[in-house]
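What follows is a group of structures, each given as structure tokens.
In what comes next, subunit A is part of two complexes: it sits with subunit B in the first one and with subunit C in the second one.
Presenting the complex of A and B:
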């Protein structure tokens, strides 16, 4: 499976690239689900520098939101530090600790779903590290993390549009409007003007 | 009007800082407050040097919260084109001059957890304003300042007295060098690097930062290029319908201004991008010297920055 191609969208929608090795004093890699294959491909691109890069690598991995678990791909790399976490939230907890000991000179690589990459980017960015220098590559599920603009509640793994807010129950239209600070797409009430007129939910994200 | 709105000022004070540097304080002629600026900003000082119009950018070094005046420090450049010599030799307290509005091409990135500053010689000036700003807003900083010797290290004593261990001094004459690679390897995540100084220092710091794995957007630098002299050339201006001659010591921008063409500009040092002009015909070689266009754009040859770049060849036409 290769990187995901998304249809054209408004400027606010994040775009993702392809992971490529950069010289650095440390390499912090965060991936979920099918992102494991992008991590393996990253080290294949390193060529002669592969062993030296691996020696300075820390990988955090979680299974994807649809249950895809490619941990064996990560384990086979034999990085000195690599952890499989059971969920995104436990992965982010470990990432916070890793960031405490990370100095300038480190490179960051994110791969997998938008929910995971967005939240890892948010946490790395919060240290002052420039978001534009964090590499990303989308792989796997396109399920979305959406914030209800009304009650501010986050709903993970949204598949349909519209969907029902998991906090306040409003029916929300899923926009491409994205917040880097919140690591979420914006969901707005679809029947605000005509209460009860709710279009049938369509599966847009898998 | 090109270059933006102007500020009519009076020279309030001229102070000799050391053998090479003088400080100038400007106040508004009508006594009003000057426009606000942020640390790292510069102004373009307009000079009438016996009929030759000189416009040089200088970093503001005074406290950004002090709007009663602006201060710049100018290093005398005996080999330069004459702007710094004019300021040193001809400008005295009480004189009326004209400044551009302040603009900032070297701002602090306030998302940074810490600001690591590298200054060389007169390159200390933007940091003086930035440090005052950081002290007010509570930002964390560390300054490494290299100068030829203590006598030429302008403001070093005041900085050391005010900020102690955050200020580190290095003197070339004593064989001291900034331990750059070591410094860069032990900065907390989220540190941003700033460098202002001579070109050799800028290149050294930027290359070392890249080698140490520092990301592009965490490395900030300020460089003003003075227009370099070169072969004289002619250029056709297609919009105004003029063909003008650029002398050996003039820049293309200055030649257009001398011919009465109101060409856009801001920094006049190849950095800001304001004077970017389309090249319509070029039979010869564009001598790109700016920091604005990408390498690809330089190779493409369809744009020129008239403030610093020149031409060598038979015929050039630009859209101005």
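Presenting the complex of A and C:
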């Protein structure tokens, strides 16, 4: 099994599952990095329904934060609509356009990094689609997207704890507390009580 | 201040600050009615929920009215306006929560006009309402359920005039979702981060309690909450200096204050911060309003009640270190226990929270 297994310690972190085919009026698929393999596996599970499902499928894909690019796995599916985007932010821009033409009854499949899935889920739900129509499967990098609780700036692809906020420059520890609305973990100033006493950064997320 | 309030300090309300020169104090009468949260000499989590009703024989207690108004009211509202001016994200309401905001406005206005007629009045003619708040110098005519007739949304309007933080919980999928709030006097949690979370998610950082099943039982209880039958519980922590606003947002500003405690100044620096939390089912929205009213008691004020001095010493000394760390006072715990020990002669204490009669 290549899907990521997380320890159950963080109660506010989403529980990710495994993508499985469902019946729907359309299938919108969003993936990055190693998530491409989960998308390929999804269609393998469809069996006889594979061709019919593919015919109603739109896939958006971006390389992962560590540079993993499995676009050939997506291209090989020959979905009627599939776009490779250069970054997550570009992908979300395209997703917003796709959602304009997507109707109730569509099914959503998200796979790859937590940051990508969280932001895509946020945008899909903001459009009015129900939570229950969105499936997620974590694959690949566990780099974290973190909001600085002080300046509110987002730092993408955080690998170490503590790390330096890419906006206000404060040194932040990564609290194990996740907001689905922000699709981010919380970063809190680590030397607020003892300014300048910053522990060595440890690589916690890869 | 955009609420256009003209506060008056008429001899009852104290003119004091919760920042800068920290002139906050409790009068002797205010100390006697302090909601001391420990009913025994030790502390561990429990689902300590009881009906939010007056306590028989204690007419002056903080439990007497749904929304206690005390000598700190005007200064606390001035402090809230200061915090909101610096960070408007402290008050947020997701779009589906406006009706719950009106429910809360109605509950607070009706309660205060009934319980404190010398300070507040509400008159209605159909949906045309007339509200007077004398301590803050506010008079407002508005149309109930029409937000365009108020200077703010209903939640923000009424909680700029009410002590304590408020959150509004939507109920769906057998869970409660914190979808709106006014949070400027919090013990280190961020509304901006937590808004939209369900009951288990927003409590995620609390240690020990998930494993004890506290949140499962509490949620089960709260989902059965009925309109007209509010409940309450205590929570507590410690705060260095009388800061109402100990938000994570401003932690770099107040964090260093925790390092200013010395064996000599414990009595004036350390404050027991008690949250009187009450929950109200709202009639139209079916949402649950959660009020989190923070009371600050300086250590040297609290030890003027001998029973509380003894008990506070025993609780601080014996608290589980994980809880002391979560509540943010592990680094000062030894100094606190040492200072408090001079008020503990080892004598037994009587059960219950009340000072000796």
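Here, the second predicted complex is superposed on the first by the 204 of 206 C-alpha atoms of A that agree within 3 Å, B and C clash if a C-alpha of one lies under 4 Å from a C-alpha of the other, contacts with A are read in each partner's own complex, and residues count from 1 in each chain.
Note that contacts are C-beta pairs under 8 Å (C-beta built on N, C-alpha and C of every residue); 3 or more make two chains touch, one makes a residue touch a chain.
Quick caveat: nothing in here was measured; it's all calculated off a predicted structure.
Look at A:103: by the touch rule set out above, it reaches subunit B but stays clear of subunit C. Comparing subunit C and subunit B on the residues of subunit A they touch gives the larger count to C. Legend: residue contacts after superposition of the two complexes on their common chain; A:22 is shown touching subunit B, with no touch to subunit C.
By the document's definition of touching, of the two partners only subunit C reaches A:189; subunit B does not. Look at A:78: by the touch rule set out above, it reaches neither subunit B nor subunit C. Contacts of A:127 after superposition on the shared chain: subunit B is touched, whereas subunit C is not. Legend: residue contacts after superposition of the two complexes on their common chain; A:200 is shown touching neither subunit B nor subunit C. Once the two complexes are laid over each other on the shared chain, residue contacts for A:180 go to subunit C alone; subunit B is not touched.
In the superposition on chain A, no residue of subunit A contacts both subunit B and subunit C.
Across the interface of their complex, subunit A is touched by residues 109, 111-114, 184-192, 210-218 of subunit B.
Put simply, subunit A touches subunit B in their complex at residues 22-26, 99, 102-107, 125, 127-130, 132-133. Only residues 89, 190, 192-197, 200-205, 210, 248-252, 254-256, 258-259, 331 of subunit C touch subunit A when the two sit together in their complex. Within the complex formed with subunit C, the residues of subunit A that make contact are 10-13, 147, 149-150, 152, 170, 175-182, 186, 188-189, 192-195.
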